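One structure is given here, and the rest of the page talks about it.
Read from first to last, the chains carry the letters A, B, C, D, E and F; within each, the first residue is number 1.
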């Protein structure tokens, strides 16, 4: 039994608890604890990924109870990839927040760690109800983080975010009730096996359970018409938090991929809701692109870019082929890191512009204008999908594997709208500057964190083949639910 | 079961039920809040008391040993119920709730 | 020799000038640092060039993303060589020119960097042997030209021009990408080599029309073909070296380069002829005519460029080999004379301070040397014999006569060509006459103008010399290059043709003569034409485009705001409507097909159920009376608890009951700061919508519940019933599941509780809230804050409640109870102390920060889980044993108890952290308000 | 009995949905509470109904214990979430001066 | 002893409660004893004034009297409730207190509330008067005298000198 | 005999609960409603104890005890809210 599998959950969990124990509010100590944990997650995640890349699916039986009776963690290529991605995103986001933002409210570091715990748990768990629990962990932590700091807009957005997710949690429970009520199990693999044997009314209920899960995961992923909460929530969140949130929508995408890959690739419910997801994904893509164009703040624009990436990803996923899923995963990695970096960048810009913040109106140039402009240019190219950065590779991969004229039109057209929007934004912020603003230097650690995340774009382009090979391999494994089921139900029991 | 015990249990149940109901009837039909306050705090305590007595008898007989756990319910209720009534009375006086005109004495200003 | 390195050199070179600038290098050194890499590249090109002239194609490939079909594959054939020479050669001249053009205070380092980026991209476009790589470089040219056009970013025109160029060419680039992907789909490879060899396959493909249209979209936008030409004049806001480079020799030529490159793949069909010829002809005429009317020197050149690009395009469209060769020839010629003209225009701008031809007159007097150069180049542009422009234009005229595709309408082509020639001569004449003669300068910002610095003229001299050399001695100067480029374009043998000045008296010559005479005639009529032109409504593409974009952005914002209207309820309605839709579409009464026997319904259950229904409805109907609603919700909670009692779930009943109490406390704490009533706000329509959603979703869930309850199913739960005792050491199966089988869920659950408490603490910290100074009827609050009876009773209740907590906790593993319920009881008892005696009183008696309690609780649970590692078991593996003590007897010790203690502490800590801090709010308020 | 419970669930979910769609935080909180009751019952009955069969080993026939454990977890989480929402509503009241959440357009515009 | 058992009555109550809950066994007797000692000690700070029990037998007597009163008066009150509300003669009555100990006053107030027909509505700030609401009062003096005699006096004897 | 007494007992208490609900619905004042709720809690105890007798088990005794012990806290909170607004001061 490899205890390393549970480490991505336990490391931040214990870090969070220890942070809670530290009552004297010694910020340096808290920062250190948080950063050490975030740093430690990276080698752990790399190690896990390397284990998974070998091709075996590893199962960790909590409490030594065999599936489907106990809860299991499952490490396959897909979940390992997601955990690795999370760790890579988390460290720069935390570095950025640790400069000063963490002091703007209580318990920041503990919440951050427990958020990581929730995210990693959601990626690793092989049990549907446990997925619900980890969803709640990551949600409640994200509520706290989204509201970290102050300001009416943040609170208002926070209320929207919280209430919608509470409704979402209720729906998830209904879905879980149906899952258990029809198949008598909660283990994902077991569910996948038993759902294939259903018929009659039970099948009908299981179908609704699946569709409700799509709704719930779609809410997390921010699919149309469920994304409306996202722009305000993300745009108003503290930068480091917004950057971390770039992975949150991906949890939704992952959950859909996971459940779909296990239970709905074949059998009586094959392709469940795929058409609807496809349509919604395309609409999301389009509307988010329009949102990018119409955004009036940089943070809002980046938030819409996040939504746009979700549309792009979900369309790729709902196309259903392993190849498209492989391409989708590459794009997922790219968009998570780049959007995270852009959130940080938006904050750097806002900081340099005083009261104007990240509003897209002409004003004094931010401190370190040319450097920021260069970063913005880089990030914009990447996120729009222009060469030679990772966005281009990702889009080409998706276009190649999803040969649908409609998708091409939306993806390329959306890219064009984003191009127009981002070029306007960049022009307004960096070119139309009315004289140089405050001559303050850029904060180096903040800049470093931003650069770290944005450097994903060139890195994913240069080493694109290795990454794409990895994501394609993950998708290939994903497309063979039998392997997963065998590992969970066959092996350890 | 012994007829006598059964009779006693049944009687206790009925007594409890009747007093619970009477208390609630008081709550429902008495004309002002202060009067309504008497219904539940009195009758309900005996209502619960009756059922608890029934339960004591029943289980003690059943287990052939004294089963007094339920006494604790009564104990706790006797400790807490007057507080509820007291606090509600204070609330009513604070709000200067209407009382029946022929009420003698006056409530205190809060 | 590695072609990849050749392409890489300018990119590497882009780093040098900024570095030099940072080192405060003088301007010349800066220019030299910029020139270094291109010069090196040009030198390195000599070797492979020799091979190309021997008729070979030099190829070179590195792997990049083979799974995408994207390889770093390069090829150097005649066509690529031609363009590489143009890109590098003219590039070097432009760097030299820019050394003098840019003023001292401009960021020359950055400028050169952008220029070199562009150069590298352009080099990449022309040498790519991989279609995706080609697109990649293609887009890079758009991006780097965006930076170059916007170089003077303080100018609005520059910013807008840059964005327009990027938008239009970017759109084309996306279309090209789509086209290329389709080609790849048809050919099965993105290798240019293979694609060029698969022309027949592509043309026969069902996708051919789509491919053609997409590729042409890319080409036309880049080469400013009608109707995508409008961005080019506005790109003239760029510094002149940029125009000289991008808009004469390179970027706009990328489009026609691609026409040449894809010629073997896509040309030869009627569709090709129709689309390409038509666009070319329209562009030729429109550009030529518009050029005449520009008063801006660079504007004239820009439209002239458009026109010449149209000419080249038209030639490619004609589908004859000779026309293609002519097109390639004209590419060379146009590059040389147009680059020199731009530079000359830049010199004039530089020396006079304006580009307005209405003010610039009679410069012959002031800068005769420059005038000569410019006049020669203009003559070449006009197609005057003995200059290079004449030769290719002659070939063009000849080719227009050969086409028969239009049947009876075939005369249109030569006519159009001649007409284009006429205007071309006219605007060239204007460039010469209006600038260098035509009286005296008017109000020049810089006066008097004089010749520019010596070396600023060198690039122009070189280019003009080339114009003359090619024009006079074509066979010696250009024929070799043209031959290899032409054959590479055609992808095979060259047709028979002769580059000579004199072909005898023939129709093309006649057309040339007509063009020259007609052009001069048109120019002499210019005053009348200008007045006519001024009567036409002015069209400013920049304004229109910017207006469109802004309107689009506004519409986008409006649409965004309509959907994302800031109303939580509309978001929630979308979510719930989606659920309702799922239920309406997929749920049918047929789902109730179970055969499970029903339980009898008794009166008590019926009445209790009715009570719940009534209370829930009261809550919904009377929700605006908030206190009433809170109480009716409590009734619902009570009935739910009773339901759990009735339906064999004692643990749930206990949990529900204790949670209920804490929730009411919480709500009452909150109510102090919230309005007592909700105003009536929803309209009938809104209420009906919400009712509909409620009925559908409520009904649907109820129906599903009934369907589930009435059908049998296979479940794993038998395992838990069987193993709770032997495996988990407890008889309360629910508890064993919670602390053992699914202890990980509980671990997560208490984490949620802990996080919620932390988040609440953070939310409450320095929250400014106005509390009500009087109750809902306006009466001041009662005096008695701590009623005696309440205070006194709360005291013994604390130890009693703790006793009960211990009892509930200890029995939990075997009977209903457990850490969670025990924790809640303890919390309530402690909260009662707060309610009865106040925060300060309580905090004098016990520590007020509950963070450590939560932490210790979570850690205890976590560490218990970790403990199993030391025994080689997974996280949270439990163990238990029966211990026998004298007197006490036998009792069980289970690690799960330790875990449950963690749960207990977390619950106590979290609940108190939440509620006590909420209670403390009013203290802050009191201090602030001094009430 | 099953029909009775189904109706209870339907009413709870229905009223919950209705209240969640009201324009202020307070009814939304109530709505979430009712919705949670309904949903918890729904999960609970996924183990089917049983009278007097508490899942305690050694007391004869026992009902399905698993959904009970799940609901217990759900109740705790629901409590945490409700508490958070209540305090958030207070925060909203404190920072915006109202508990209205049916907002105006354009809040993405300002920070 | 008083250090270890600050409130012997409470400890006894806790111990008995524990045995009531768990039934008697040596184990539980011991555990209950531990709890009966530990819990009062732990909650010691919450008891600023220790009510001293003077007379245990009187307490038992008092409890029995109260129970008897509850039962008998319940019948009376039931009749009142079911009868015509018109016939009720409600009244607020102020009872002058002789008791001075908070705990004793609270016990008196609770007793009054528990016995049918009367509810203690308030205690004056100076703790000298108890406000009682009576459901159906014949004569104020009689009621006050009855309460004083039946409840207040025993309580005074139990808890105060 | 018990077989008759029990249903009657249940009936009486449920009837009482319904009357409480009526008062809760009717009001007219907040203290009335709070009192009604408090009474419901107490009647619920009786119901639970009866259920224990009816099912011949003591599993639900704790539920009744819990209500008796801490059920009044919500009533106290409501009453305190009405008099002081601030329930924890």
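Heads up, the rule we're going with is that contacts are C-beta pairs under 8 Å (C-beta built on N, C-alpha and C of every residue); 3 or more make two chains touch, one makes a residue touch a chain.
From a predicted model like this one, the values you see are computed outputs, not experimental measurements.
Visitor: Tell me which chains count as touching both chain C and chain D.
Guide: Correct list: A, F.
Visitor: In the chain contact graph, what is the shortest path length, in steps, from chain C to chain F?
Guide: 1
Visitor: Report the chain whose CA-based centre is farthest from the CA-based centre of chain E.
Guide: If we average the C-alpha coordinates per chain, C ends up farthest from chain E.
Visitor: Starting from the mean Cα coordinates of chain D and chain E, work out the distance between those two points in Å.
Guide: From the centre of chain D to the centre of chain E is 40 Å.
Visitor: Would you mind pulling out the distance in Å between where the CA atoms of chain B average out and where those of chain D do?
Guide: Taking the mean C-alpha position of each chain, the two centres sit 32 Å apart.
Visitor: Let me have the rounded angstrom distance from the C-alpha centre of chain A over to the C-alpha centre of chain E, please.
Guide: Here the centre of chain E sits 62 Å away from the centre of chain A.
Visitor: What's the distance between the Cα centroids of chain A and chain B, rounded to whole Å?
Guide: The separation of the two C-alpha centroids amounts to 57 Å.
Visitor: Where in chain A do residues touch at least two different other chains?
Guide: 129, 133, 136, 140, 143, 147, 156, 159-160, 163, 167, 174, 177-178, 180-181, 231-232, 295-296
Visitor: Which residues does chain C have that touch at least 2 chains other than itself?
Guide: In chain C, residues 560, 564, 566, 568, 570, 572, 576, 630, 646, 650, 701, 704, 708, 713, 715-717, 720, 741-742, 745, 749, 752, 755-756, 759, 763, 775, 782-784, 787, 789-790, 793, 796-797, 800, 804, 815-816, 918 touch at least two other chains, as defined above.
Visitor: Using the touch rule from the top of the page, what residues of chain D touch 2 or more other chains?
Guide: Touching at least two other chains: 16, 20, 25, 28, 39-40, 42, 45-47, 52, 54, 56, 66, 70, 73, 77, 80-81, 84, 88-89, 91, 101, 103, 107-108.
Visitor: Could you run through all the chain pairs that touch each other?
Guide: A-C, A-D, B-C, B-E, B-F, C-D, C-E, C-F, D-F
Visitor: Which positions of chain C touch chain E when the two form their complex?
Guide: Within the complex, chain C touches chain E at residues 783-784, 787-789, 791-793, 795-796, 798-800, 802-804, 806-807, 833, 844-846, 885, 887-889, 891.
Visitor: For the complex, give me every residue of chain D touching chain C.
Guide: 1-30, 33-34, 37-42, 44-58, 62-66, 68-73, 75-77, 79-84, 86-91, 93-94, 99, 101-108
Visitor: If you look only at chain D, which of its residues touch chain A in the complex?
Guide: 16, 20, 25, 28, 32, 35-36, 39-40, 42-43, 45-47, 66-67, 70, 73-74, 77, 80-81, 84-85, 88-89, 91-92, 95-96, 101, 103, 107-111
Visitor: For the complex, give me every residue of chain C touching chain F.
Guide: Spelled out, the residues of chain C in touch with chain F are 603-604, 607-608, 611, 614-615, 618, 627-628, 630-632, 634-635, 638, 641-642, 645-646, 650, 653-654, 657-658, 660-661, 664-665, 668-669, 671-672, 771-772, 775, 781-782, 784-785, 790, 797, 800-801, 804, 808, 815-817, 821, 825, 828-829, 831-832, 834-835, 838-839, 915-916, 918-920, 922-923.
Visitor: Of all residues in chain F, which touch chain D in the complex?
Guide: Against chain D, the touching part of chain F is residues 55, 57, 59.
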